[in-house]
Amino acid sequence: MSGLKMKDLRKSFGAVDVIKGVDLEIEHGEFVVFVGPSGCGKSTLLRMTAGLEDITSGELWIGDQLCNDVEPRDRGIAMVFQSYALYPHMTVAENFGFSLTLARAPKEERERKVMDAAKILQMEHLLDRKPSQLSGGQRQRVAIGRAIVRQPEVFLFDEPLSNLDAALRVDMRMELSKLHQQLGATMIYVTHDQIEAMTLADRIVVLNGGEVQQQGAPIDLYNSPANLFVAGFIGSPKMNFTKVKVRSADATSVVVGSDELVDVMVPLSGRKLNVGDELTLGIRPHVLTTDSIGALKGTVDLVERLGNETIVNFRLATGAQWLAVLSGDIVLKQGEAVNFAAESKDILLFGADGRNLATAS
Amino acid sequence: MAVATAGAVNAPKKSRVKDRQASMYPIWLLYPAAAIYGILFLLPTITSLYYSLTRWTLFNSEFIGFDNFIQFFQEPFLYQALINTVIFAFVTSGLKVVLGLALAVLLTSPLIARDFLRSVVFFPVLVSTVGVGITFTILMHPTEGVINETLAMIGIDGPGWLVDRNLALYSVALVDVWRGVGLATVIYIAGIVSIPADYYEASRIDGATRWQQFRHITLPLVRPAMFTVIILSFIGGLRLFDLIWTMTKGGPGFSSDVMASVVYKQYQSGFYGLSTAGNVVLFVLIAVLAVPLNMFLNRKVVTR
Amino acid sequence: QDQVELTWLVDNGPSTVDIAEALVAAYEEKNPNVSIELEIRPGGGEGDNIVKTRLATGEMTDIFVYNSGSLLQAIAPQQTLMPLTDQPFMDNVQEAFQSVVSTDGEVFGVPYGAAQGGGILYNSAIYEELGLEVPQTWDAFMENNSAIDEAGYIPVIQTFRESWTSQIFVLADFYNVLQAEPDFAERYTNNEAKYATSEAAQKGFERLAAIHEAGYTNEDFNALGYQEGLEMLANKEGAHYPMITFAIPSLETNYPDQVDDIGFFALPGDDADSNGLTTWMPAGVYVPQTTSNPEVAMDFLGFIASVEGCEAMIDAVGANGPYLIEGCGLPDDVVPAVRDMLPYFEEGRVEPALEFLSPIKGPALEQITVEVGSGFRDPASAAELYDQDVRKQAQQLGLEGW
Amino acid sequence: MSWVKKYGLSAAAIAISLVVFVVPFIFIIFMAVKDQQQSAQMDFSWPTSFHVVENFVQVIQARDFMLITAYINSTVITVTSVALLVVLSALVGFVLQRRVTWWTPWVDFFILAGLMMPPAVVPTITLMQQLGIFKTIHGLVLIEVAYNMSFSVILFRNFIATIPRELDEAAIIDGARPLSLFFRVILPMLKPVTVTVIVVQTVAIFNDFVNPLYYLPGRENATVQLTLYNFQSQFVTEYNLLFMNILLITIPPLVVFLFFNRQIVAGMSAGAIKG
Amino acid sequence: MSGLKMKDLRKSFGAVDVIKGVDLEIEHGEFVVFVGPSGCGKSTLLRMTAGLEDITSGELWIGDQLCNDVEPRDRGIAMVFQSYALYPHMTVAENFGFSLTLARAPKEERERKVMDAAKILQMEHLLDRKPSQLSGGQRQRVAIGRAIVRQPEVFLFDEPLSNLDAALRVDMRMELSKLHQQLGATMIYVTHDQIEAMTLADRIVVLNGGEVQQQGAPIDLYNSPANLFVAGFIGSPKMNFTKVKVRSADATSVVVGSDELVDVMVPLSGRKLNVGDELTLGIRPHVLTTDSIGALKGTVDLVERLGNETIVNFRLATGAQWLAVLSGDIVLKQGEAVNFAAESKDILLFGADGRNLATAS
């Protein structure tokens, strides 16, 4: 059994605190995705888990063992490095099979496993190449291959698909998912791709500035972000925010409004609010729909047509920039006036401390 | 050291750093080397330090305190030898560091007959000191030597390279550079080929000329090689006597004597205690110059 | 009879090796059960160190060649060598040699090769051409030089690139020193006589300087080496070459046609009546106490000290000096230079060089004489500097009174 | 014009190096083929007659084919010592570069001491006698290893700094123990330096004469540099044979160099790391 | 003026042909995005343009100059390397300013430009770090910074945003877009991110196996892919394909059908088709809608809830795996039977040679 437990983990590089007390329990077999802005400490946390970075303070348990001082090779992990770290003097096949070579696995077993990995990664024809003769995406796949050949208890993936094309990425996602089910291994996965995070994760952990902001099932994070940061971070394009003032509040609903916005009622307990409080209102671009009598009056700035959907950048009367994502390929001209509407259940409110009023207890 | 201060900030970290590194890079990897080096070099060398305090004929030794050191410092031309030593070391290592780099850059660029040229440059390293010594005494002959004959052809009256008291040391230094630059060159070549091509590509895009590439990419990234060359040739220069011995025997007169040749002469004369004392003095001199240099250079190595 | 194998360490001088090979061949022929293997070491200080190191660590060959005279003391013969005093063959060895391989009444070696003299090798063709006579005094020598100079030849060849050649004027002058101060060696050893304070001893330096001042040397004296010196002499470019007679074999090999024009005379002093030769005793052959087979080793030494052995040597390298073995005469067809040397021995006009009489020889002498011979240093300060150098040696030897 | 600018400089550089490095070499060859008399003149002149075979045979045959024995001895000593040296000093360089602790400066100092202090011969011999390795080939091998260790360690140590640590980490994650990390990942990446060390140390050890002289006495133990003494002594030298000998003993290390020089290839670490 | 022209460019590494004849004209100031599967030669093409890779054959014109043998520094380009290639011995600021240092720009100018770039890239606080002290995303931003500081005529970006988080990526996309407008520079941009490609590009060039498959405005590629490859490659998730047979065809419409599919009529000239011809039918997941009377009957296999939309993996009766992307967060159970429908205008047909029947002439 190899669940993972992190107790108040901390890490500093000299004077720079990078991980500022992370508490996390990961069950055996769970697929956990770390997301967070660039430089927030995801890789560092992974490297601490792997034993490559010493733990400044706190405890790291893998299974029943306190692992702070356990050697990486005894932790039963495999890792895909963000920087790949391929052995440049070995061929792809040798890179794949290196851990097995080290473990003195029989030659046939090694060859079989290497071939399996190559098939999964669609790299059979490249097995004899050296890393320097590969494209960026191919190198990244070698890095993945090296990890999956090992079949460890715990996988650590640091942005393993970032340099792959969309189709391959979908394939790999499936393969990793399959692998996860087959091996029943614990996986910790860092990604910046929202879809990857949403589709792969049993649980998403949102990190920011070395701290856990929120963790939970993907859809819960999307629907009920704990705070402004998570709300802004999960979902792409980003949620639209605007400052609003409380016009009235009672136990079941709050009415807010601002210069930009006609007053709207949000079904929400407003017990702790006073009229005049400043809140932040958030609406996801996806929930906005064009509606000739919609409350949001905007002027189209820029239209990005993705084919299946259309991203509309529009400006409110006050000059605030908002986004709306409309289904399908919609033709709008720059400068055109459009009205948008949203259902009140899709509106989120955040307190002055940034916490989501709907979930804050 | 940097690590010590970093550790001081955060006490528990230090021990962990040690533990983690200890498992990755365990100290027992050093044992075989340490055993050979410690037993066969350090141990006898350190025991021999005792003899610097004795009058020692190899057959008998008699404790005489610091008399050897006193006598050593009374060597009539010691001061000049000291100056010569330092000059020699700076001139030879300086030239090797610079010329070696130039040659290495040349010999790593795509050239016809590059392998041949590399061999040519390395060849002097292979020739025994005796051969080098004789060859250059002849080539440097003031009137009949090829060097001066060539100079005469272009109207220059060549100097008496090895026979001029003011020049002999420098002439030997030049020959030492001739002999040793090949060594520096191969070290540099190893350093240059270890620089990933990416950086050159990036700098070409950034608009670097050949010279700027050298200045901003090669030079900083070849530092490991350069520091090796600096340390090895500097200490080598301070210690060198074999070439001086075969070419001038410290002469004319005492003009090209260096510390090491003074010590060597004492050894040749059978003054074993005295020469051990001389070695100790020389060792201290080198240590005073080289150890800080080494620490300085170690700190400047770029790690990737 | 059991096969006996011995090892023999010799230095790498070509005549040394030739002699050794000849002796071994002759001895092995007589004693088929013995085979002697030669091991070669460098000469000079490096070679001395090897001998000392090997003796000190008990790793010496069964027999070895090493200096006679003062340098012998440095290997502590009492501790390390087999005494030969009672060996019958020592009767064959001339007293003159025995004295330079003895300490405290014990004799340790037999002579290896011939005795040498230090003086002037000269080109007799030039002498004949200019109608000159072999000089008996320094002044006569200088007059000859002047005549030679005028005739366009180089009077005195100097070859300071190999600095050891610069010492001859000082070292070979020792016969003259002893004429003036018969007890110089002893007083010198006892820290009583000094080069700087002894007029006679300082003369060596002065004469060296005089030659330079008079401009009698070749222009490129500081760039030439020993071989080139011999070549100039043989080729009649120069008339005099101050040298030790061990140069003669080399002249014989390299200049077989000219060697008949090369003569030799002792370094002249002030007085024609007390003209004589400073001599160098041959090296000795010794047996270390660690030898694997003392009997055979002794027997071999006996062979070397026999007329038979002596003849083997002469066959090998020719006769270029007295062999110091009773009954070992030189053939008649020796080259003129050797012929010139023999009368000094026969008439007893010889004295050993200082290094055979005193353990002290300053190691820096050759560098000092180069300075003097090149005109950088005056004789007086050279003598003083040399005295300093000598003091270092004496102190390192731990001699009384220093 | 542009041609001159582009190639002129390197052409000039090549020409100069050729002259500077090749002229003395030609001198050596000339000397080696002259007869004794002409060689004794010690000048840079065209040989009046060529005695290639003669001199060659004489050098080979000298002292009972001593040169052949010497070749064999020197080769055995060189190969084993260099092999040991490369592995041991690369290990030391590896640990020292990667692991910085309070004792690193001291180890550094002792390593530098190997360059700064000449070895003490007599105490070493006594020690070797006690260990029973005096006068043995392996004894001398160990001596050569000890004496050349500092040089190699410094070389390796500085170059190991250029290998990204991420590769160590990847190997450790792959389950490598320190030795496999070193032999399978680090050492292969060090090829250019290793080649340099091999070449340099081969030359140094093959050409060493002081140490064999003291630690491996005995005629049957002769090494190549000692053969030079066959033709050169304190007072008399047979220059033609000496130079022929010099030429002959220069060839094996030259071959080593020619072979290994081809192994110095660029781009060992290409493709390893992104970033 | 620095438009770019590639005439039958080819490149081989030894025996491996990587670029197999690329013809392309890029106008001055155009923003061209290269997309294509991993290993198809995008980076190689960029590197050839930059002058880092020799051109095996063909011609490369930048502006009016034949550039095959022109030094990179004389081509007026800046490039972001896929592998970053940051100078390890320089700080972030020095990395940024290196090209200006080389050009001997005055110190103030250099500092100003470096600060500007740092601000754009949100890296002001990291200017004194060495690359080895940065996170993956931070390194990537340094690589971008190095290029934008130069302000060249032509930018070459090789997956410049792949390691950035979604929010930052949107920001950077904006900034690059802005930069493009400000400088009027030509940009060639490699990406695997469909949204990036669609939003940034004036023109998308689809590469596969070293050949150009199609080029054109993003929305045209999406709506009218020239062939099966492009259709499958553009748009994520991938278009659903199925083999169909022509049931009937006339000048304005084609009726196709298969075991999986009830017959559908596609408005398309069917002049060249015969009844019984095998075609490939493609429907984008996004155009499928649940419809109780829809013609596609499937069983739900897997539901991935992204929050704003829901990806439904379903199986047709024949076992074929299809995808549908439904707007909004829709709850479907595995095993549930669902009917999907699509409008016939959204159906694409591809001939036996893979070409789109609608666009093939």
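A, B, C, D and E label the chains in the order they appear, each numbered from 1.
The working rule: a contact is a pair of C-beta atoms (placed from the backbone, for glycine too) under 8 Å apart; a residue touches a chain by one contact, two chains touch by 3 or more.
Protein identities per chain, from UniProt: A, E = Sugar ABC transporter ATP-binding protein; B = ABC transporter permease; D = Transporter.
Quantities reported herein were computed from a predicted structural model and do not represent experimental measurements.
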If chain centres are mean C-alpha positions, then the most distant from subunit A is chain C
Busiest interface, counting C-beta pairs, is B-D
Chain centres from averaged Cα atoms put subunit C and subunit E apart, in whole Å, by 94
Whole-Å distance, C-alpha centre of subunit B (ABC transporter permease) to that of subunit C, is 39
Rounded to the nearest Å, the gap separating the Cα centres of subunit D (Transporter) and subunit E is 56
Residues of subunit B (ABC transporter permease) that touch two or more other chains sit at 23, 58, 141, 144, 196, 198, 221, 302-304
Subunit C touches at least 2 other chains through residues 44, 53, 56, 225
Multi-chain touching residues of subunit D (Transporter), meaning two or more other chains, are 42, 122, 126, 164, 172, 232, 239, 267-270, 273-275
Note: in the complex, subunit B (ABC transporter permease) contacts subunit D (Transporter) through residues 1-4, 18, 21-27, 29-30, 32-34, 36-37, 39-45, 47-48, 51, 58, 102-103, 106, 108-109, 111, 115, 117-128, 130-132, 134-136, 138-139, 141, 144-146, 178, 183, 186-187, 189-198, 221, 224-225, 227-228, 231-232, 235-236, 238-239, 272, 276, 279, 282-283, 286-287, 290-291, 294-295, 298, 301-304
Subunit D (Transporter) partner, complex, touching residues on subunit E are 82-84, 86, 131, 136, 139
The answer for subunit E against subunit B (ABC transporter permease) in the complex is residues 50-52, 71-73, 77-79, 81, 83, 85-89, 98-99, 101-103, 132, 146, 150
The residues of subunit C that touch subunit B (ABC transporter permease) in their complex are 44-46, 48-49, 52-53, 55-56, 74-76, 79-80, 160-161, 163, 219-220, 222-223, 225, 363-364, 366-368, 370-371, 374, 376-377, 385, 388-389, 392-393, 395-396, 398
Subunit B (ABC transporter permease) partner, complex, touching residues on subunit D (Transporter) are 10, 13-14, 17-18, 20-25, 27-28, 31, 42-44, 88-89, 91-92, 94-95, 98-102, 104-105, 107-110, 112-120, 122-124, 126-128, 131, 142-143, 145-147, 149-151, 153-155, 158-159, 161-165, 168, 172, 178-179, 181-182, 192-193, 195-196, 199-200, 203, 207, 209, 225, 228, 232, 239, 242-243, 246, 249-250, 253-254, 257-258, 261-262, 264-270, 273
